[in-house]
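Let me begin by handing over the structure; questions about it come next.
Which chain is which? They are A, B, C and D, in the order written, and residues in each are numbered from 1.
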Amino acid sequence: MTKASITATPLPDIQSTGDRRKVAINKVGVTNVRYPISLRTPGKGQGNEFIHTVATINMFVSLPHDVKGTHMSRFLEVLNEYHEELSSDALPLVANRMKERLESEDAYLELNFPYFIDKQAPVSGQSGKLDFDVAFELASNGTDDFVMTLKIPATSLCPCSKEISDYGAHNQRCDMTVKVRMAEGVHLWIEELFGIVEQCASTQVFSVLKRPDEKWVTERAYENPKFVEDIVRDLAVALNNDDRIVWYQVSSENYESIHNHNAYAFIERDKREE
Amino acid sequence: MTKASITATPLPDIQSTGDRRKVAINKVGVTNVRYPISLRTPGKGQGNEFIHTVATINMFVSLPHDVKGTHMSRFLEVLNEYHEELSSDALPLVANRMKERLESEDAYLELNFPYFIDKQAPVSGQSGKLDFDVAFELASNGTDDFVMTLKIPATSLCPCSKEISDYGAHNQRCDMTVKVRMAEGVHLWIEELFGIVEQCASTQVFSVLKRPDEKWVTERAYENPKFVEDIVRDLAVALNNDDRIVWYQVSSENYESIHNHNAYAFIERDKREE
Amino acid sequence: MTKASITATPLPDIQSTGDRRKVAINKVGVTNVRYPISLRTPGKGQGNEFIHTVATINMFVSLPHDVKGTHMSRFLEVLNEYHEELSSDALPLVANRMKERLESEDAYLELNFPYFIDKQAPVSGQSGKLDFDVAFELASNGTDDFVMTLKIPATSLCPCSKEISDYGAHNQRCDMTVKVRMAEGVHLWIEELFGIVEQCASTQVFSVLKRPDEKWVTERAYENPKFVEDIVRDLAVALNNDDRIVWYQVSSENYESIHNHNAYAFIERDKREE
Amino acid sequence: MTKASITATPLPDIQSTGDRRKVAINKVGVTNVRYPISLRTPGKGQGNEFIHTVATINMFVSLPHDVKGTHMSRFLEVLNEYHEELSSDALPLVANRMKERLESEDAYLELNFPYFIDKQAPVSGQSGKLDFDVAFELASNGTDDFVMTLKIPATSLCPCSKEISDYGAHNQRCDMTVKVRMAEGVHLWIEELFGIVEQCASTQVFSVLKRPDEKWVTERAYENPKFVEDIVRDLAVALNNDDRIVWYQVSSENYESIHNHNAYAFIERDKREE
């Protein structure tokens, strides 16, 4: 088959035929699209440095009850246009382009990706990269509703174990997950939210720790015992005090070193409803 | 240390001390508890046969603002009491026991487990087990709100590919996920909901297929092409017509054989709000 | 189509046609088959109690260079016959049946499943189930080669952190993985190998721990610090001293509470080659 | 604590103390290190373009029987030095640096990462990125042994289903995994091996397919039915004919659209032993 022959006899467009079931579809699109992306970072205060990572992406539109199907290939075409700059600022542009290309009133965009922050060890000052998971979700259906999620690893040390034991205290890695909506017009860097969150556990985790650093984190954790309940409360207090955040869900999952299951706590608050 | 000495000098109960942050906790408890469970099945109409499987379980209570911590070991103690019968009917009992033991007003229970249904091949009649994922979620906070989720594998065959191609049509495994709330007083067996759902794709999948069966499913899929949009619409129509269901979310994820990403569609409806 | 018509006109058997590429296939079969199984346990010394769990199963045979394909449905038929008793003793029977039904000289069988052991808390004596992953692998190609793998969670406490810190020591959950081949004629219960392995970390993990138990495990871990290197060496020493074991691979993966990556060590030994 | 005080009183180095168990350790190091990396690509024939991706990395050394522990932080320090250029050519340099810094005779390096290749749709010529998993493994223990693994998605269409059915044929996504060792001195780009592998299934998968493209891949798959056995045999034949490859393992896992389990086949060949 040649390209010419295709142009000559257009193939039928089944998707654009009608549908009689009278059932509108909330979301239809593509999931699990793995894609290299670039994100703007605050860099040295200029906001013009970029980080390269790999995102797993979901893209949806809504579909009226009387249209049979959407055109799946167009989601990928939009992604191809925009992947060089998928910072949170750019998502409304992508959503608008999706609505335009897919002829839909609503667009939904979800990006999950590992992110990396350079952290210095607390005593030696040695630098290393801390990796954690970030999600961006934009629902553009009437208004643009943006939710940012960070899942940040840290250390928790059990206050009960410390109190009742003659020496030692069980401690473990935990994952603090913070999901936020910002006040209108507010831009929040991943780095800024990370800075708030990582203070809320018993101590932080690091990529490179030399012996003086290891002494420091060990003692800091022991001086600062926190139940999973304490961690989510401290997260809540920190976000309560930040006017840029108008809604949040915070949780912590602690991979208990003395059990094969995890301890978990969760708090949700919507400041707008109060 | 001897048991006697422990009894003599009780260890401090840090969890029961107060908290001054004025932050109540929505959910606190244990996650990722892997446990063997037994579930009642309809069997041969008597409802007194059991299926053995392994669940991954989350258990939570709420915590008032002025209590420092919950008592995590009690969740496991409650689970130990009840794991022999964790059918959906039994969950309110477990939730009540959690509230009692944990001294909480609210209890949340989530079970995820593989389930197995004996299916006969369509022509040869050969029997095999089809496995799929089930979730039970009970939120007991004022009222008892129960949600059942089934994720059922099937086959989807693309109508566009069939229409435009001189022969063949791309098809693939898909996962249909159905999440339902039932009308008050209604009991719905997993088997009943499964029976509704598995009709909604291009054809069903089976564990054992002999050649005449393979011919049957191949031709049936080709005669019955469905977009991911068609599948969720047919799921919605089926659940619309069933008065036992008052709320649902339905979705299908199709592992497209011509792409390395998936096609997805989603519909939600709450009949109670209409 | 009726069953009669199928019997009347047999469908062609493409799999049994020849192949000219002159390439024999080492393994061909089915993977990721999820199936409920029963396993014999030592119980109270009689070996006639059973545990129910769910296995993920792979089944393969070899295929000579001149045969086009194997008959996949027969793997499932064999599994249907034998799933009620898939203890390690029964695997050679299953492998023989596979060879017979699939007309092959070699059969390979891999089962992965969660297993559960009742453990009593160290002070309170409270009972709970500890879950861990087990794998059975049988290669029946000339001889029957059986490998058993246990992945057992435990606690590790860092000797360096303890030594250099004024108080506390970082500790974390670890997974010890032990893969063994037994001397000819030796039967080893999962429970027996578990009993050896769980002694080799800083302390054990438990499902239910009351406060006196938590004090016990916290102090025991602190008194018994071990690097990941110490854990695998202690595993190696334990298996070196057991004449029932003729080959092993041991490893430990420690989910460091101070990092977002893991520490790992691995030792392999074949006593038969010495 | 100030940096000065640390310098003044060096902390004890527990790792460097002796060990009396007489058990050498094959591999000890760090696992699951997530890190942004850059890889050289052939680009437009110059080999001086780079691709950015995120790797999950394991790094090990061996440890003599009489040394208690390795120094884990040094693995991360080496990674920090080299992550800007982790193409396969650079791995021996990294391994040498590991041996030097960790004072070990052996070094092992494993990188797993998603990779992306720009592919044009077969008729429309539209461009899109195909993602797939790549692994680099270098064992530097005496000699440098490098193994490259590609796991490439494609489409398989069942010859039996096609033959016995009046119309249609079941097809599905499959993952072809190819693991190779190269002849001494040979450099093989990921792109080159990909080009060989993607020819071996019924047809290729693409990121963006317009209707004429979808017609093309549907018909191509139907014209080119292959069992999982055919796919691995065609992979074996292709690698048999390539003198740059001296050892390989090839497999295909087909996510059968008519079952909830997968079909799998595997071939291994070492040309050096013949």
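We take it that a residue touches a chain if its C-beta (ideal position, glycine included) is under 8 Å from a C-beta of that chain, and two chains touch if they have at least 3 such contacts.
Computed from a predicted model, the values in this text were never measured in an experiment.
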B-C or A-C, whichever has more C-beta pairs in contact: A-C
Cα superposition angle of subunit C on its copy subunit D, in degrees to the nearest 5: 180
Interface copy of A-B among B-D, A-D or C-D, judged by whether over half of the contact pairs recur: C-D
CA centroid of subunit C to CA centroid of subunit D, Å: 25
Where subunit A and subunit C are represented by their mean Cα positions, the distance between them in whole Å: 35
Between subunit B and subunit C, centroid-to-centroid distance (C-alpha), Å: 27
Numbers and ranges of subunit A residues touching at least 2 other chains: 11, 34, 76, 131, 160, 164, 207, 209, 211, 215, 260-261
Overall pattern in which the protein chains touch one another (line/ring/star/complete/other): complete
Interfacial residue positions of subunit B with respect to subunit D in the complex: 130-132, 153, 155, 157-158, 160-161, 164-173, 203, 205-207, 209, 211, 214-215, 217-219, 221-222, 255-261
Residue ranges of subunit D in contact with subunit A within the complex: 1, 3, 6, 11, 13, 34-36, 51-54, 73, 76-77, 80, 114, 116, 123-129, 131, 207-212, 215-216
Partner subunit B, residues of subunit A touching it in the complex: 11-12, 14-15, 19, 21, 23-34, 58, 60, 63, 68-70, 72, 76, 159-160, 163-164, 227-230, 232-234, 236-237, 240, 253, 260-268
